[in-house]
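Labels for the chains are A, B, C, D and E, by order of writing; each one numbers its residues from 1.
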Amino acid sequence: MNAAPIASASTAGGSLLWLAIILPVVGILASLLSGGRHAERIALLLMPTGFGIAIAIAIFLWRSGQPLVYVIGGFNPPLGIALRADGFSAVMLVTTALIVAAAGFYARAIFATPPGITEARAPLTFWILLQAIWASLNLVFLGGDLFNLYVAIELLTFAAVPLVCLDSRAETISAALRYLLFALCGSVFYLLGVALLYGAYGTLDIVLLSDRVSSEPVVWVAAGLMTAGLLAKTALFPLHLWLPPAHANAPAACSAVLSALVVKGSFFLIVRLWFGVLPNVPHEAVSFILAALGSAAILFGSVLALQQERLKLLIAYSTVAQIGYLFLMFPLVQGPNLWVAEAWSGGIMQTLSHAFAKAAMFLAAGLIAESLGHDRIRDLRGIGAVMPMTLFAFGLGGLSLMGLPPSGGFLAKWLLLKASIEAGRPIWGAVMLSGGLLAAGYLYRVLAPALSSDILHLKAPPRRSREAVALALALTAIALGFAPKAFFDFLQIGRVAVAGGSS
Amino acid sequence: MTAATLAGFIGSALVGLGLYGLITDPQPIRKILGFNLIGSGVFLLFGIVARKGAAAGFAADPVPQAMVITGIVVAFSASALAIALVLRLYEVAGPVSLRSEHTSNKAEK
Amino acid sequence: MSILQILDIGLAGLVLAVAAWTVFARDAFAAVVGFVAYGLLLSLVWVRLFAVDVALTEAAIGSGVTGVLLIGAAGRLRKLEASGGDDELPGASLRLFAAALCIFVTLVLAGVVLSLPDPGPTLAPEAARHLAETGLGNPITAVLLSYRSFDTMLEKVVLVLAVVGVWSLAADQYWGGAAGNPRGAEPDGTRALLAQVLPPLGILIGIHMVWVGADEPGGAFQGGAILAAMWMITMMAGLTEMPSIRSRLLRLVLVAGPAVFVAVGVAGVAFASGVFAYPTGFAKPLILFIEAFMTLSIAVTLPVLVAGPPKRLRQQ
Amino acid sequence: MNALGLVLLIATPATPLVMLALCGSQARRDFLSSCLWIAPLPALGAALMTIGGQSSAFAAPAIGYTLFIDKVAGVLLLVVAILWIGAGLAAARREARDVRFSVCWMLTMAGSFGVFVAADLLTFYLLYALVSIPAFGLIMRNGDAASKRAAGVYMAFTILGEAFLLAAFALLAAGEPNGSLQIHDVIAALPGSPWRDGALALIIASFGLKIALVPMHGWMPLTYTAAPLPAAAALSGAAVKAGVIGLIRFLPFDTALPDWGEALAAVGFISAFYGVAVGITQHNLKTVLAYSSISQMGVIAAVMGMGLASAIPGTALDSAVYAAHHVLVKGALFLSIGVAAVASQKYRPLVMWLSAIMALSLAGLPMTGGWLAKLVVKAPLGDGIAGTLADLSAAATTLLMLHFLMLLARMAQQSPQTKTQVAIDASWLALAISSVVVPWLLYPVVVGGLGEALTASAIFKSLWPVLFGAALAYGLRPWDHRLLSVPEGDIINLMEAAFRASLRLGETFERLDLRLRQWPAATISLGIIALLLAAAARASR
Amino acid sequence: MNVLLDLFSVIAICFGTFFFLAGTAGLLRFPDALSRLHALTKADNLGVGLIVLGLLPHAGSLLAALKLVAIWALIQLAGATSAQLIARAIRRSG
């Protein structure tokens, strides 16, 4: 790869990049300051605005066909910090805005400040932390500097952890603690790598680094540490210890955001690291390890999902499995080969469709748990008859997870499968297919009894508008299956070709 | 042996020590200590990077130093949050270590 | 081998020994005490690396405030644990394996660190070149508040989030109440005396540190930490109390730092070359303006974090 | 291509879906039951136009979904549409009261039509999933333990088939050098593709699963036995043909592939005889018909296998015509069971005679539709060993069908003297008659004149297998009840046991997971992974 | 003059260091907590005081000298307070 795009000049539309980050930051500060019901209002007000900004970024990107850049403070990298948006960033920004907004609207029922009180604990913290997740994810997707990104993942952790234990039960607090400690391990590993890279090359700017790095010991160690640290935050098997308890016990709106988005943040950085910072460092063996761990995650997560007796735990283990899929793209995005674009698109499509599908499923599971007072799978018989819309949302999400058409999950699987065959590495395709079978298995365990004609009594019927939110997310996952070719061209904007590996 | 090289050794050793504590210490608060040890080891590595970058009349490269200052504050915030979680956990559940959590999956059977 | 080198090696040995103590000490409380000592020794190492700003920060925050936090927690845990915990050490073989792994990690890191180029790549000349634009003398303050001010602003947001996170752990009925004072024992004369004598001096020193931070070692973090310490001392003596978490003033001060930072940053769009840029000639006053609010926020945020979630309802 | 053809083409799979969407609100639920038999009408129209010489194609511009219809598809679509109308009428009264059933019915129908008109891989895969998966709801309709079991087994096989198919399609797509996903492009490229064998194996596996080739047949008896009669009719007649059209579309008949062709033929013949052998041990009418389907699908597979082995032109159309006959007959026979159960004394002879004609038509009794169908596949089968085996399988089918007729008669005699339900009567009658008539109407249009087939020697040649089968049936009569009693689905029971045993692996995984999720284990893993990745980066140099 | 000041500094600092050493020895060797405390506070008080005294002539400016004295004063304050608190804690725990 020669002539990396000029990194050090703000482009048209670049201002949108800092706006996308500053807007929720202002929301956080304003929410804490004004407190009470205002936090909810501020959050809900900013969400459409933020979505508009994300869309605007996508439009600018689409028009120019080149990554957007904004140099903060006018100090060019390496001294200063740049923000950059490529195709992957842009779709993640839009996805984040949508899912955060959906979780917000869904959560209004649970996290409304009760009447008669000016402020309550859980609502205030929820609305502030939701905006914080949004802000930090936007920073993760846009940051162009490795240390800036360190701050971003720390922000993300700080926002995500308290969300796990908003209900103050011992098990959620314990889950949150475990999550925090392990995530901190991850960040400190990442930071270690950052220190080494700075020591070797004197810059942390992604584009500048990509020109300077070569395959040498310090890079190997730094990359290994940073990747491992990010894997810990992504909860890739066998580093998933914190995920099932945290995601399964958090309030549904939080689980949705955590499972759909937060783990994707650190995954995004792994992609940035290997394809943005180190494209010139050959990494076939690394890709193999990542994909092998991903395969193990698929197998393990799916089998354990099959074993669970609670719906939310099942979904959480399904996240463990689905995270594995994300890593199957690594060995396929190598060298200047034809299938690389396909695998890249497939990997991103998997990220997006899992985000929407999983958010929908968690929200649906939350409604079920609220309406029944429990989420034991064996007692869900007949839920389809009393909560058809919720179950439909759950089922559509499941469809995408299984990779059945028409859905984003199917398209992702198709692209990755085809790329794996063309790349002569059908093993990864086979893993994907067997993962789909297992997914069908664990979803069958839920859907088959749910669709039975047993009579079930609800404690309280779910609110239609909240069901609609879950359904809308699930339908988005389905709609991704109809993505036109132009969408995949968009995803390629700013993709840097990776060296080596022309098999 | 310069101070920077020595600091490099200390930093690496601190990372190792902290990691060991983090892995083996069963009490959450000791894990937090371990995390802080690793953290300070990492900061020291930034420090020697800064020292090796002495130039332009500065005894050390200011950029990594600024990063360390940011990092120390972040590490403190992390410790504060973790401590708050530990204390709350003890309040709600009594003495608990991270080891005993493996039962939590099946707690609601 | 010069005396300085011998001292260096002695210091290194001491740091490592105390670090090992914090890891291997039987008692958690003893380990925490060890950690505080370790932090102080570490700041000496930082001085030896010619990083006085970092040394100050490490001493004030890394060792000082963190120490208060950890000692307080360890004390409370010791009381709670009287009933006996279920903690047990992992098996010997596992520990052996972990030790081998950690030693290997150390060796790999040491090897890599030694292989780093010396003199290494540096941004010092770049930082020096732009120093005049900022009007500052301390390049670290320039990095923190100008070149990479975005990082610093976000790090302030991290602090705010930490506060929200800690508060979120309150019991519902205490929301709107206040946290207990740090080490909230009954006040006594000794502490009261200290709390009356020390703060005026401490506040002076804190402000001084921020002020000189523009040109010499020091700055908002270090100064803020000293101010925080002063407040904590008065609280320990029972002279002041943690305000209610719903206090408008408290919240205003908490968000003032980042808010002013953001506001000045965004104003850069209109009055300077872009966001987080300063108009030519106004850099230094603006930076000091931001630092003033940041110091205030830090001085309040740190004690709030140490104090933990609200635990009592406070009479209004 | 004219506008009407295009509209009908799109409407073929779209109508059921659109109607379903329109019936979404509670108020229009009543209309839904009528939709069951109205929705197939556009498909019928499209099929008629195509047989009349029109072929149309359609491509959705932005998203790349493409449809096309040719003569092969037209033939099958015609009869499938008729069957859906007939079965829909039968289902409309009773089964459609359950909304879930109706929804699944419409979805299955959409897929069932769609697979015949899909032009590219992705469209085909989508519609194939549609014809396969919602059928779960049809099988589950009765809600008892047997239907739950059947539905579960069905789902397992279906999802497995889907996975095979996805792999097959990925191989096909990868083998097409220009990146086209059109079926005719990828099949044209298949013989030269580096992944030819893998693709063929997966194609045969996935579609073979759908048409229940031995040993992947266990789900079929369970499913048809558990499903309500109209659903069984639709599934056995129409839905299974998705597998047939799949084989027709995705086997490269233009290139002689002797190994693959003969292998497929062998499996087909094994299924043909195996189905009969197990079928005659069964005493449930639906189960017997299910085994007959296994046998008949085996014959079709054999035909296609022989065609593939030596690239015999016209194999695709010949197989389609043969399959078309099976669609109507099998559907009508399933409905016969219900009719015979409630037929009054007056109607019983009519029911029995019509059923007898249809049943023996499957065996190729001269002058029936089945006879015409067997004439058509003479060409691919040839006169060699395959031809002989085909004749023997006809004899075997006769045996099985006589067994069925005897069971049917016995049941009709025992049934109470209740009045025939009008709806089932009319729809059955219509279906039964069309199963007799339609082949005669189709043959001249699709294949050509009947000239030499109508000679006496030719007729006798087709008659002897039936006679032989009848003799065999007569000879076996004394042992009717002494035959080994095979549980329905035969080897499926072994498979289920193996599956259940494999579930125990889950507990092992659970224990392992517990161990890996211990804090020390996880942090050690973190360290190891970091070092491993560093080492891997070094190794990649 | 300079030589005299240097000599003064050396002597003062040496004494200061001696008190520190003595304090440390006391900390390690004395039998009970209260006497250890005693040793420690003496060391702080005299040790730091003498060292600061020794450094004063080299302070360079009045402000720096004031700072040095302030450091000594602060250590006095902190040492006295903490010694008091520790002693009370010892008494309370018996």
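Note that a contact is a pair of C-beta atoms (placed from the backbone, for glycine too) under 8 Å apart; a residue touches a chain by one contact, two chains touch by 3 or more.
Nothing here was measured: the structure is a model prediction, and the numbers come from that model.
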Graph separation of subunit C and subunit E (steps between touching chains): 1
Neighbouring chains common to subunit B and subunit C, by label: A, D
Remaining chains grouped by touching, subunit B not included: one piece
Per-chain CA centroid nearest to the all-protein CA mean: A
Chain pair with the most C-beta contacts: B-C
Greatest separation from subunit D - chain, by CA centre: E
Distance between chain centroids, defined by C-alpha means - subunit B, subunit E (Å): 33
Intercentroid distance (Cα basis), subunit E paired with subunit D, Å: 96
Gap in Å, rounded to a whole number, between the CA centres of subunit B and subunit A: 26
Residues of subunit B whose C-beta touches two or more other chains: 15, 19, 22-24, 26, 31-32, 45, 48-49, 52-53, 63, 67, 70, 74, 77-78, 81, 85-86, 88, 96, 98-99
Sites on subunit A at which at least two other chains make contact: 79, 147, 151, 154, 158, 161-162, 165, 168, 173, 178, 185, 192, 196, 199, 202, 217, 221, 244
Of all residues in subunit D, the ones touching two or more other chains: 517-520, 523-524, 527, 530-531, 534
Interchain pairs in contact, sorted by label: A-B, A-C, A-D, B-C, B-D, C-D, C-E
Subunit A-facing residues of subunit D, complex: 62-64, 98, 100, 122, 125-126, 129, 133, 137, 140, 143, 148, 151-152, 155, 159-160, 162-163, 166-167, 169-171, 173-174, 195, 503, 505-507, 509-510, 512-513, 516-519, 521-523, 525-527, 529-541
List of subunit A residues in touch with subunit C within their complex: 10, 15, 18, 22, 25-26, 28-29, 32-33, 35, 70-75, 78-81, 118-122, 125, 128-129, 132, 135, 139, 147-148, 151-152, 154-155, 158-159, 161-162, 165-166, 168, 173, 192, 196, 199-203, 217-218, 221-222
Touch list for subunit D against partner subunit C, complex: 520, 524, 527-528, 530-531, 534
Interfacial residue positions of subunit B with respect to subunit A in the complex: 15, 22, 28, 31-32, 35, 38-39, 42, 45-46, 48-49, 52-53, 63-64, 67, 70-71, 74, 77-78, 81-82, 85-86, 88-89, 92-93, 96, 98, 101, 104-109
Footprint of subunit E on subunit C - complex, ascending: 188, 190-191, 193-194, 197-198, 201, 205
